[in-house]
Amino acid sequence: MKKKLTTVVGVCILPFLVFTIFYFIADGFGVHTIPIIISQSMIPTALGLAMACIMPAGLMDFSPGARMILGAIVGGLMGNAIGIVGLILGAFLGAMIGGVAIALLYRYLRIPSMVVSLGVVLVMEALSDRIGILFGRGSTVQIPANLASFANYPKNVLFVLTACLIFYYVTYKTKLGCLIQATGNDEFMLKSMGVNVDNVKFKAFMLSGIFCFFGAMMQICYSGTVQALTNMGTMTMVFKPMMGVLIAMQLVKVFDNMPLMIFIGQIVIQTVFNGFIAMGWTDNIQNIVLGVFLLVVMGVSENTGRMAEVRRRRMVRKETKVQV
Amino acid sequence: MSFLKKSNINFRTIFPFLGLIIIVTLFAILTKGKLFSLVSLRSIMNDGIYVLLGTIGFTFLFAMGCMDFSIGYNMGVSCAVACVVANTFHIYAAIPAAILTGLCIGIVNGIVVTKTRIMPMIATMGMMFILQGGVLIILNGSVLQAPLSMTGMYTNPLKIFLIIIFIIGGYVLFEMTVFGRVAKAIGACPEAVRQTGINADKYKVIAYVIMGAIAGLLGFISLARTGSATNSTGVTLMFNVMNAALLGGVPMTGGPTTKFRGAVLGALTISFLSSGMTILRMSAQNQQLVKGIIFLAAIGICFDRKNMKVIK
Amino acid sequence: MKKRFLALLVSFVLVVTLSAGCGSETTPANTSSGGTQDGSGSTSDDTVHFKEYTIAVPFPETGLTSFEIMRSNCDLLENATNGKIINAPSDLTPDGVLSFVESQIAAGVEGLIICPPSDSVLPTVTQLCEEAGVYWGIALRSISDPEIKSLVEASPYYVGNCYEDEEQAGYECGKWMGEQGYKKIAVISQAKGDTTCDTREVGLARACTEFGITIVGESRGHVQASDATAATESFLAANPDLDAIFYVGSAASGTHEATVKAIQDAGRGDDVKMVTIDFPDQMEANFESGIQVYAYALSCLTFDPYISLIKVINSIQGTPINEDGSPSSNTMSMFAIDNVKTAREYQTITGNPAYKFFDEEGVKQLLKLFNPDLDEVTLQKMIDEYKPI
Amino acid sequence: MDKMEPLLKVAHMCKSFGITKALQDVSFSLRRGQILGLIGENGSGKSTATSIIASLQQADSGKMFLEGEPYEPKNSVEAISNGVCMILQEKGTFDLLTVAKNVFVGKEEMFVKHGFLDNREMVKEAQKALDVIHAGHIRAEARLSSLNFEDRKLVEVARAIYSNPRILVVDETTTALSRNGRDILYGIMRKMKKEGKSVIFISHDLDEIMEVCDTVTILRDGIYIDTLEKSDFHPPTLRKLMVGREVADNYYRADMESCKNKEVVFRMKNIFCKDVKDVSFELHKGEILGFGGLGDCGMHILGNVAFGLTEPDLGQVEAGDGTVIRNPTVAMKKKIAYISKNRDQETLMVSCSIKDNICLASYDKIAKGPFIFRKDENAFIDAHSKDLEIKMQDTNQYIMELSGGNKQKVALAKWLGFGADIFILDCPTRGIDIGVKANIYQLMMELRKQGKSIIMISEELSEVIGMSDRVIILKEGKISGAFKREEELTELMLIEYMV
């Protein structure tokens, strides 16, 4: 019990630890950096949440980025047309279209989620670009500053907060949350218990749409401009949040609060990045560190079981040696 | 019933052929034969060679139920290294340099995947990030130019030679050697392979090495074609290759249904499709839209759900 | 069995159509060569009739105004001469440019405009265009490598280029900032490998050493306005005594505005300024905000490709700018905007997508069939005289 | 009591998997407040019957009556709603979830109060449920992965009990439990009995059967044999009824001489593994060594260890010349072959063709250099599939389309082709019809004649006795008895060592 507590504290203290490290080694990296770090880790967190609906169910999804952009574009256009209501409505619409699309495709094409998501990325990117060109000026959508201020820092913190709360509510306070976990754990057994697994997955995808909506809101408001990316450009947006989620999925084993873990994960990543910037390093080092970090975390988590087995064996052998 | 299943399976096997024929003939008509003018065929070849070779390598991984996300940046890094070598030593030194670089990266991938038991996808994703940074460091940020004579090396005969060699070699390696058979076996049932005393890890590493070497070669090809290495070299390779493989009906789960022809057909389909659409003056976005829809439809039709318990 | 049959069928289809293709392939070359002859014929008698043509321009349909201006000017040209000018997408990687050239030739164009990311692709391009008999020109770039330069300019199908002294641009901005007494600046630029920005940075570096400016941070390759915001925020956070953020260049639209917004939101509007090469879309607003203080650029980014386009058209019509058909090279001088008023004036004119560099008459002057005594020098003169404001 | 309408009545239930008849016209009934023991040898149809009652699978024919009402549930959920609940032998829990969520998985809505899932309430309830079954030592909020196997089982029990069943089916669960765990389970069963509910209890442990059950029904080869009341429980009678399956026609070895050859080709030196405790034996040339025991006595793991698939904690496995067998590769160098108990998952690639499967072990034989040519392969196949007369269209047929017997033949052909000298056969006749069984026994004898050695691990005592030169019986991972081949060796004798 006590051990658990310490680990929990350790996890929560991690960002501060990283922060202090950079505080000392990188000049110009100080308290004033904190808001930046927070505001920069907002969009990735939202994307992370979107993926965290799906990945625990044992599925893979590359499309949140594309869906988010679609939401941002539609939102921006409608925002320009009919103001704040349009912004929210549009973003929601766009994001949900994506969610529904992938959910339906996955359910009725019956092909691996990863493949579906690849196709969806292709389509969604092109779609958002088309929409931008049809209803707006080119693939770029701008919204006036007064609209943009709606979900801008520090307001976007509230957005993420609500998103996290929703996520927490769904995962820990509804039947769906439990079932999503169970699905990822053992789909067969769940089926045999008479749970409609397809339905669970379907809902999971839909749910991820909601978080794409939050992401979309912040994306468009963050800089007042959003540009439709094509050529799988949105996939690169997804990778870093995905890493955050992967890491979080390991952390929850210690401290069972997915949204918090995702948030912490993102904060850490962003802190490191800003630290590097403050030290005048360019982003190539960042990527390398990121990759190594991912490998280490996954490597450890994947091998704990084997390590335990080996340790047990060694124990047994030692004991018998003592006896002999 | 059994008859129905049979016919169904047959359909699945011929679908890639049909797809290719349909697309080729369709665009041949739409472009009034322009698609087959020598120039266009050459452009198809020049763009297609990346996808084709890449897919051939990827098929071995797919057959084992593995993947490699890092091939794109692997290609980039190899290209950069080759460029540096070509500038410092000799242009011919670039060839082994590129291939070796890719090969080494392949080895690392293979070892990480087999020893740490990390999901291939995630492991190679990590590698991808590392290479992404690495290429910038090697290029020292800016674009590198190779000696002019470089572009002279990359003649059409060479390209055709490469393509033929890889198709034949790939076919032989995949369908007619122990390696190919074991690769499929691993995809079909790893446990059975293990209980037959075959060292699956070894074969996996080999597959990754092949993939890496091919990526390296592609890096060199890109260098020889453009005479320059940039940080954006090969970025899109991964997705094109994956699309091609899946379009060709190569199952991600691997196993005996993996067919070499799938890779070739898929690559051809993609190349003809994209160049056909360019000739028709479709905008990039529409092209992507069409590709996406065809992608989903094709896989929806020809995906083999027979021996999949749960579809993740 | 069935599979074998299909395999055979596929190969058969390929072979047949290939042979068919060979037949069709030779034809465009003939027409183009034949075309040049009758084109020159038409100059002799002064009934002006234009040969049909298609020219591919590698500019995507982004929301940027300057590209829309390009489009509207192209329309004007299309009307004046009976041709088609198409925006064909091309990513500006070496491979991208080459496949752009190849596929467009395959699609049967008579002319091409390219902006090469590096010189080393040019020999291949030259070769390709010579084989296909396609005229091509370089926009926004000049060839730095002498060896390649001579090789390219030897080609009869290379019509020349139009470029700016990018290094000078970089230097000018650096100089100005130095004179303002800026000491610490952060740089936002395109991903390394973009020749324009690289040369600009060379100039900047020169100025920096000269005026003792230190570059405290740099961020590259933005694809999304939010990237710019993030970068700016980080700069501001990391450097409390930052003087300016300098935009060497940017591919994504809305980035400049994003930076301005970020500076405002951070409340550093008074001590941190923005200097840009290239005129942002919302330049007026940026200047009014008091954050953008200096911009140095072409009158309009796409005026340059426009001129290259003119050259290609003329060559296609068999009337190259230089009588002997040798490539012509024109430079464009940039100019600076450093106050709200000029910014506003400029904006009102070039902010409108329908803005025309030259009206019908002006266009006629650029076409040798109408205006026989056009040549490299006069063209240069016209360029220099041209001023939006 | 007998006057009353029985709680559950099973009438003329039949079920067959392919050719194997798991249940043939089985009828029995269950009174209120009765603990019915269901016994019989491995594969006698106990689990099948119960799983049909809990409707994890459907019967081919036959009726069931719950309190006189016809009872035909479609799936386990319906069964549970009808108050029929089953605790399975194998794992039935979600490791990543908390104990509480495991108890209430699929029933979460119970705790959703105006839209909010009340975890605290759930944990409380779960804790109650655990306390009810006196498993209070398990914390309901703990993650299941932090529990040991026994506690996980108890969590399942709690889940079953919470649904407050009228009929609880306990299928060989106790074998996984320690004394303490068993007591908990017995407690529950007695409690239910008091409340007039009924239990069907499957176990191999006769002592515990006699301890808890009031009635015992015996099945043998899927046929109902007899039902005894507590009064006339006698281990000997029970055993007699359990075993003594009459053999259609004697297809076992006729000869009675045991192997004379003393050359040791394979050796285990006091192996310790998770279920195996200090097992050592020697295998001689041309000998069939039979391993008998209950399903969970550790003999299957022993097979794994012998082939180097699982590394033993202690001790070592050696080939005749003393080379230690660390991994399958070494084992194969020593010409050892292994066919696993669950053939379809571990030994064969069911999605591949017969050809691929047979060749897999011997590619280095077939291949010319690195290359493999069709004709060589076919030649190889013909050479080794002929004498096994596998029923198939052609060698390209998929394994999954074959019958169990033919699958087993393919598995054997694979190793024959490889030319193994030592065969480790784990349940070689599992789910195989008489005819093919005969062939396989024939084959084993031939191999024996050729001086190859066989380790036969089997749950069917009759075949162990019928085939082996020596029999080793394992009980709870220890060797409980070793016997030479001789006339008077009967199942009855061996059973005593097993249970």
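By written order: A, B, C and D. Residues from 1 in each chain.
Everything below uses one rule, namely that contacts are C-beta pairs under 8 Å (C-beta built on N, C-alpha and C of every residue); 3 or more make two chains touch, one makes a residue touch a chain.
Values in this document were obtained by computation on a predicted structure and should not be read as measured data.
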item	value
Topological distance between subunit B and subunit C, in contact steps	1
Longest centre-to-centre distance from subunit B, chain (CA-based)	D
Chain centre separation in whole Å, for subunit D relative to subunit B (CA means)	45
Euclidean distance of C-alpha centroids - subunit A vs subunit B, Å	29
Where subunit A and subunit C are represented by their mean Cα positions, the distance between them in whole Å	38
Subunit A residues counted as touching two or more neighbouring chains	133, 139, 231, 282-283
Residues within subunit C bordering two or more other chains	61, 91
Every chain pair meeting the contact rule	A-B, A-C, A-D, B-C, B-D
Residues of subunit B defined as touching subunit A within the complex	112, 116-119, 121-123, 125-137, 141, 236, 239, 242-243, 246, 252, 284-286, 288-289, 291-293, 295-296, 299-300, 303, 305, 309-312
Of subunit A, residues touching subunit D in the complex	169, 172-175, 177-179, 181-182, 184-186, 189-190, 192-195, 253, 256, 312-313, 316-317, 320
Of all residues in subunit C, those that touch subunit A in their complex	61-64, 68, 91, 216-220, 223-226, 228-230, 233-240, 252-255, 257-258, 261-262, 265
Residue numbers on subunit C that touch subunit B, as the complex places them	2-3, 6-7, 9-10, 13-14, 17-18, 20-22, 24-25, 60-61, 86, 88-89, 91, 93-95, 97-99, 102-108, 117-121, 123-124, 131-132, 145, 147-148, 151, 191-193, 195, 198
Residues of subunit A that touch subunit C when the two form their complex	26, 28-29, 32-33, 36, 39-40, 43, 132-133, 136-142, 145, 148, 152-153, 219, 222-227, 229, 231, 233, 273-274, 277-278, 280, 282-283
